[in-house]
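In order of appearance the chains are A, B and C, and numbering begins at 1 in each one.
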Amino acid sequence: MGLVEAIDLYKSYDEKAKEKSYAVQGVTLTIKQGETLGLVGESGCGKSTFGKLLLQLEKQTSGKVLFKGQDISNYNFHKMRPIRRNIQMIFQNSTNLFNPYFIVKQILMEPVNNYFLHESDAEKEKRVRAILHSVGLDESYLTRYGNELSGGQRQRIGIARALILHPEFVVCDEVVSSVDYTMRNQILQLLMDLKEAFGLTYLFISHDLSAVQKVCDRVAVMYMGKVMEILPSINARIKHPYTKALLDATLDVNPRNREKQTMSLKETAESESAIANEGCPYQNRCLLAQDICKIHAPKLKNIGDDHAVACHVVDH
Amino acid sequence: MKEHTDTNLLKRTFSRLKNDKLALTGGIIVLLFILAGAFATYIAPHDPTAVNIENRLLPSSWEYPLGTDQLGRDVLSRIIYGTQVTLRNAFLVLAGILIIGVPMGMIAGYTGGRIDNFIMRVADIVLTFPSGILALAVVGMMGPGMLNIMLVLVSLWWAPFARVIRGAVLKIKEKDFVMAAEAAGTSKFQIIVKHILLNAASPIIVLATLNVASIIMHIAGFSFIGLGTQPPAADWGVMLNDSREFIATDPALMLWPGLAIMIVIFGLNMLGEGLNEALSPHTQKGIQRIKPWSVQRKVSTLKEDTYE
Amino acid sequence: MSKQAVLSIKNLKTSFYPNKGQTVIKAVDDVSLDAYPGEITAIVGQSGSGKSVTALCVFNIVDTSGRIEAGEVFLNGRDLRKLGDRALRNVHGKEISMIFQDPTSALNPSIRIKKQLIEAITAHERISKNMAMKRCEDVLVRVGLKNTKKILNSYPFELSGGMCQRVMIAMAIISNPNVLIADEPTTALDLTVQRGILEELLALRDKGMAVVLITHDLGVVAQTADQVYVMNNGKIVENGTVYDIFEKPQHKYTKELMNAIT
């Protein structure tokens, strides 16, 4: 049994529309206690939505979410509140991250006030200061408004807000995307230290493959709301054509290697055209696509060694 | 330069208002009227209802700064007491509108779905009623009187208020920080108050300020045609009505209440504009309003699409 | 003759004067920078080192608590800081454009993408509605968006962050400016899309646009930049060609940064 389980989750944002489009389509995933599961995929493929579904911040269209074996998918707002302390999300960086009328201190105090009711103000403040330091900011930031922070500072306050409760499970949504490399390493280290000390479990959403490589025990690859491949590590015998394309698109950090790396994507007019409704969601961009791909959607199939892949051509 | 980042919202708003000359003027005007109304008993030189036929239609003098009316009553005192009556009634109406309109708008916007549909349909229907006709009908049934007029205004004007608030709430609800507050375990009540209402406060306050102006106009208007405040009690509308007969011989009688109405409304409008600026969390130049292709300081001229 | 910079920032200093009892924040402290046509100039640096503020200063849109205290910003030989509001409006979008770090802030959440894109065109030229729509669709395809019709009819909050960012880039290049400042344009994008966007930026560069690219991703810098400026604590600590910076870093911070690559 995993700490968090998603069972056949579907989420559509346009529920009233005749032709529903799904942000998350039939995802079944288990996140084991103490592991870091990486989630990579195209922007807009539903990674953040999936994270929000796990935390019940969005209601699924169908499917179930289990936390420690209990089905939380039909819990209402009040029933969720005691659980929220243990499951947190670091939101993707944006200027809407914080209430514009709040200063950093109020932002960080909010979760503390909700759950550490018995503590004195001094103790609460100590928590705030401690977490602020661990994300590399000093006390002078306490009186700043959210809109007075740089992108990276904002992201770090977001991290602090989620971690201040010492949750058991954290969804990290693009947590290192807007900080420099030295700070990135520092944040990753912080996450790993916390994991070591408190046995945290993470869902690590990122498109920074080297960060994923560094911290994740397993990686799930998502495309158009579906899981395409689950593998122990990003370059361990990759099978799926989309995962290969992702890896190929990684940029070399050596400026001398600038020759155009070959793209494993079909860049044709076709790939710009409408998204396929039937068959494999990746068919229009896939180099290996066959006739069968246009008719049947491939199912996620276990091919041993903790490795599962959804593809008609390479699933063996 | 320093003011806008004060951590206290009230302080910040005040210090921004202080730097905005127009808003400050508006604020002072409104404040003076409110004070005059509140302390009418202390500052009015005469009894506003004391009839003295011998002194009728006197020009202004030391004793009667604005002269006297057709029954010899002191016009200044009547204006001051009129302020009291008019402003009290206007604020009562506003309070009624807020008490109905704000929760309706909040509930409609926050819960959405069927409740939202229901509230908004009711609001739509209410919005189609012309206030004049309804007022006539009510007065026809229950007799003239300010209370009836006020009830009519409240029962109609909560609707546009609810609409605006619903729109603001819909917009705020989508923002990440509302979801983040839920994730942080904040209670529904606190989310609504601290996150949604606080961010919707500026449109509410601005709208309320501007609304008071039109309430005053309507109250005066209904009194003017004799459906509102009944003599001998006097508000500005009644005074205007009384002075009609003397418009040729004593135009000043009409001038004073008219001027009072104009100045108050002018002040309220200036204050409303200023509050709009001062309450916004970001300053005019704030990044929030910038477009990538053309960095303008003005808010977009585009009309916002309505959600459906 | 040596080449002529289109955008030239000279000794720029900007500070924020926030709350009482707090010290002044020197966000940008004596920054000079040149951007040449047909080149990508990258700015990298510590988080909070003043990169975004530098860009905002070029457009004179820092918050009112911030003050540009010294320095000049030359665009095509004119000092932008001496131009009036009206003149500036003609410059913005037509001669210089910017893509922001956070796409959602620049798009009005309650207006459909279509309207916002068309507004970007009609701000500078008169054009028929059909032509404008066509341009909108073309530019969306150019930044790698599928399903353009649906996107044009969406509200920004219905799009994912990555899609918003692509719409922003489309908006910025729709009037073909000489200089494009891109503040972390690919931060929210996945690798394959990032590829597409970078190739678009390279194509713009090859057409002679000067691109200023603010980013944390050293891979992006290595693959695209010609000149690199490194910032730390509001100062440019080092600048040079991309090869100099990557192969012979001089300053302590640059060395740290290069060591952090794994």
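Following the convention adopted for this analysis, a contact is a pair of C-beta atoms (placed from the backbone, for glycine too) under 8 Å apart; a residue touches a chain by one contact, two chains touch by 3 or more.
Just so you know, these numbers come straight off a predicted model, no measurement behind them.
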{"item": "Chain pair with the most C-beta contacts", "value": "A-C"}
{"item": "Per Cα centroids, the chain farthest from chain A", "value": "B"}
{"item": "CA centroid of chain A to CA centroid of chain B, Å", "value": "48"}
{"item": "Centre-of-Cα separation between chain C and chain B, whole angstrom", "value": "44"}
{"item": "Geometric centre distance via CA averages, chain C-chain A, whole Å", "value": "27"}
{"item": "Touching two or more other chains - residues of chain C", "value": "18-19, 63, 65, 105"}
{"item": "Multi-partner residues of chain A (each touching 2 or more other chains)", "value": "94-96, 143, 147-148"}
{"item": "Set of chain B residues in contact with two or more other chains", "value": "5, 7, 282, 286-288"}
{"item": "Complex interface listing, chain C residues touching chain B", "value": "17-20, 56, 59-65, 67, 85, 88-89, 92-93, 97-100, 105-106, 108-112, 115-116, 119-120, 123-124, 155, 157, 168, 171-172, 174-175"}
{"item": "Partner chain A, residues of chain C touching it in the complex", "value": "16, 18-19, 21-23, 44-48, 52-53, 63, 65, 101-102, 104-105, 141, 146-147, 158-163, 165, 184, 187-195, 216-223, 225, 242-243, 246, 256-257, 260-262"}
{"item": "Residues of chain A that touch chain C when the two form their complex", "value": "13, 40-45, 48, 92-96, 140, 143-144, 147-153, 156, 174, 177-185, 207, 209-210, 214, 245-246, 249-258, 263, 265, 271-275"}
{"item": "Touch list for chain B against partner chain C, complex", "value": "1-2, 4-7, 171, 174, 282-288, 290-297, 300, 302, 304-305, 307"}
{"item": "Interfacial residue positions of chain A with respect to chain B in the complex", "value": "52, 55, 57, 77-78, 81, 84-85, 88-89, 91, 94-101, 103, 110-111, 114-115, 143, 145, 147-148, 161-162, 165"}
